[in-house]
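Take a look at these structures.
Shared chain: chain A. Partners: chain B in the first complex, chain C in the second.
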Partner chain A sequence: MAKITFVTQSNETITVEGNSGNVMELAVQNKIKGIDGNCGGVCSCATCHVHVEPSDWDKVGAPNSMESDMLEFDEKVSDYSRLSCQMKISEDLDGIVLKVAN
Partner chain B sequence: MSDSSSLNKTCVVIGASHAGVNFAFTLRREGWEGAIILFDSDPEIPYHRPPLSKAYLSAEDNTQLDLLFPEQNYASENIILNLGKSVVSIDKESKYIVLSDKSKQSYDKLVIATGARPFIPPINGIKTANNLFPMRTFADTVNIQNAMKNSEKKRVVIIGGGYIGLETAASLKKTGANVVVLEREERVLERVTAPEMSFFFNKLHKENNVDLLTNKNVIEIKTVKGINEVFCDDNTSYFADLIVVGVGIKVNTELATKAGLEIENGIKVDETAKTSDVDIYAIGDCTYHFNPHYNRFIRLESVQNAVDQAKVAASAICGNEVVYNAIPWFWSDQYDVKLQMVGLSQGYNEVIQRVEEENEKCQSVWYFKDDELLAVDAVNNGKAYVLGTRFIKGKQQLDKGKLKDTKIPFKPTSFLKD
Partner chain C sequence: MKNSNIPDPFEKARLEKGFGEMDDQNDPVVMALRHKDVRRCAHNHKTFQSGAEPGRIVIPSEVNIRDIRQIPFEVDPPMHGEYRAVVEQWFKRPLEEAYTAQLEKQIGALVEEAITKDSVEVIKEFSLVLQSRALTLLFNVSFSESETWISWGTHVFRSEESALDASKANILYDYIDAQIENSIKNPGEDFYSKLLAAEVNGKKLTKEEIKGVVILTFAGGRDTVINAVTNSIAYFSEHPKSLERLKKEPELINFAIEELIRYFSPLTQMGRVATEDTQVCEHAVKADTRISLNWASANRDANVFENPNEVVIDRKMNPHVAFGFGTHNCLGATHARQILKVLIHTLIEKVSSIEIIDAKENIETLGEFKRKVGFDNINVKFN
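Up next, the complex of A and B:
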């Protein structure tokens, strides 16, 4: 189980718990504004873009190559960008904070 | 929206798929306090359609559908989901809809999100063929998978070489089928891509031992003892234990037509997704809508359009007008290849193809009308897709010579005109 905190563009902070699946799905289930997951999690749409809190970056790890291709030229990219559909939920993610990019 | 204005009102949505469901949740978030009632003839909890022909069809364990939202979210947002219920008519003067069991439901605002259904071409014998299915719903994939399981030889004929046909071919091949695709035109994906892309996909399927055959006009299906034989007008024929039909769709406009709404290649809506009736909106695959970027009316079959129009309609109904102004995008997954498309290529007069040096499976095709970039098809190339989107949105002028030069890497500024 992992507790994950989302901070939306309007600075709402929501902490939720996930057991399985990916972080995009967890966000959609919990109606996190700005995470739509339109492609269903196949790395095709970037509607699940988040900025990881820098101090949590080591827990989360770097994007895979398909993902970093989608992020590199995204207008909202930061050094800590991830597509949340590519982040599998595991205990390792417990306590992380994610800022919703859109 | 002011507190009292929607409290005792009812918003009814016909069709609970990508468009209708995203509309319902957005409407709630935008502040609608009244009832939200969805109707769909499909009995399943609303699900993502794109995986049906992709990951879902080739997966071994298919008990888990990809839901748009978990079932409990409907209750927690107070959205009433009526599944397995068909709407048969709309009375726009008295503002109610009628269901197939003759019951009525009144509305203050109505949203038509009826999408489209597969077009079944009038081929001799198509109605009596054995194991012949379209590919649009969960039930279709289950039927296809059962037919696969029960067939020893697993000979599959797919009629139509569009995205759905090709994705279905790739997915069934993965599960051990012998697949033949019969395309009537001289190349696959003819309606939607440049010859360069058709060539790429042709090669990809051949490498994967799928028989992609073009100029194949199917004229008859004969079925003897459960085995189909599919005949083309060039005197060839193909045996099939299973046939999948993917030759395009018919828009579900009948309800709107009967109700007297304006129809033109779909339900005609304005930039806020409103139909010719002030209290009726239409969203998704069923609409014919204006795209400001391309300055013309279009009809799209895509998740992007369904979701973006859903948001526009929800805002409009809550009095927060936003106008629809999205650049269309779409994707397709076949084997290990991801195709991403952005923009509308229709009307192009020049194509630039870039094959990246380190990997020929990493490609992009750039569609221009004179100097205007209209669209990009990117194969395993997220960078081209994202940059293409930026260039199209910003109406950037590109230096085609630089774009052609694969020594110049992708960068936001590297292809701009000096």
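Up next, the complex of A and C:
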């Protein structure tokens, strides 16, 4: 079980719990605004872009090369960008805060 | 070779130099062929603009047959974002349950009808009909409008005889004018009424702007959806095991959709106009000349995709650019994905096999390259 907090563009803070799957799916299930997951999680659409709270970066880890390639040309990329479809839910993510990029 | 195979004509040029060249009505195009270059150029909208003369970023160019600017497609940021914000939510309606239920009803009826026939010409009798009917949902207009759209044939701007047909475009423009007038008189819940009520920067959209959005909605999703649907039918006809697997493992359907779209790349490329002297893959590009973002080539780049020329139905990591990339990514992608999703579910449920009787390929000639994009016609039997 991992508690994950999303902060949307309109500064709404929503904390949800997940057991399995990826963070994008969890966000879509909970209708988090700004996370659409249009491509269903194959790392193609970048509509699940989040900025990880810097203090949580070590818990989350850096993107792999394909994901960082997709992020490289995203309008809203930061040093703490991840595509949430590539973040597998596990206990390691418990307590993290993610700012929705769009 | 199987009918459903779509070869990659760009491989050699992509590996050797990274760009291709073609002429198009004396307005030549330098094509970016590599995945990274395509993404880089799509991202750099200041140097590679969409807001050029209307019709110029389309290949083949439509400058001689169209004066109206397609919106938000032919607009650059920041104005692009203002327009896009007006229509974004509307184009997410395909995710709503009621919309999907309607789509299921439409496609279910079409497949059931196809099963009763000895032979179905997929382009005209199946995909065009499916696309037109589904578009009534996107416009939120009466189902009967689809009959008019079907009567226009497979191309909105193109006729069978010539690649660019102004008379055909006028049929569409006159039709749209009439629909807008109609919605002014009788506002309702349709797309025209929605656009008539919309504001950008505190100002109502002009009729010209509304027309620009509507033309984009008609043109952008016509050939592309028809090719995606037709190519899917051809693929499942020749790969019945894939359909069986999706039946057993429906959780893979989403991966299958993205993979089919990558493999088909229904839109080969999209142009941009250079605003300054620049380069694509170290090839000089002069200001006010055209480049293209070759989605089809990028989607076969072996640096990104393992076994790029194979349909890997459960491909998990699939950063394809078949719906474009960046700011201008396809507005109709949600609608298109939902169509393919419902189509696959319907085939799984109702069809045991599909036999191809005969087929004629549709080959685009792009300078030195010849690319199969789908079929001119393909007769099949649904069982």
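Here is the rule we use: the second predicted complex is superposed on the first by the 102 of 102 C-alpha atoms of A that agree within 3 Å, B and C clash if a C-alpha of one lies under 4 Å from a C-alpha of the other, contacts with A are read in each partner's own complex, and residues count from 1 in each chain.
Here is the rule we go by: a contact is a pair of C-beta atoms (placed from the backbone, for glycine too) under 8 Å apart; a residue touches a chain by one contact, two chains touch by 3 or more.
Please read these numbers as outputs of a predicted model, since none were measured by experiment.
With chain A as the common reference for superposition, the partners chain B and chain C occupy clashing space. Judged by the touch definition given at the top, the superposed model places A:Asn38 against both chain B and chain C.
Residue contacts after overlaying the shared chain place A:Pro54 against neither chain B nor chain C. In the superposed pair of complexes, A:Gln29 makes contact with chain B only, with no contact to chain C.
Set against each other, chain B and chain C differ in how many residues of chain A they touch, and the higher count belongs to B. Of the two partner chains placed by the overlay, chain B and chain C both lie in contact with A:Asp69. 36, 38-40, 42-45, 66, 69-70, 72-75 are the residues of chain A that lie in the contact sets of both chain B and chain C, per the superposition on chain A. By the touch rule above, chain A contacts chain B in their complex via residues 28-29, 31, 33, 36, 38-40, 42-46, 66-67, 69-70, 72-75. Within the complex formed with chain A, the chain B residues making contact are 25, 29, 48, 50-51, 54-55, 66, 69-70, 73, 77, 303-304, 307, 329, 331, 333, 338, 340, 380-383, 385-387, 390, 410, 412. Taken together, the chain C residues at the contact with chain A in this complex read 36, 39-40, 42-43, 92, 254-255, 257-258, 304, 315-321, 323, 325-327, 329, 333-334, 337. Interface residues of chain A facing chain C in the complex, by the touch rule stated above, are 36, 38-45, 66, 69-70, 72-75.
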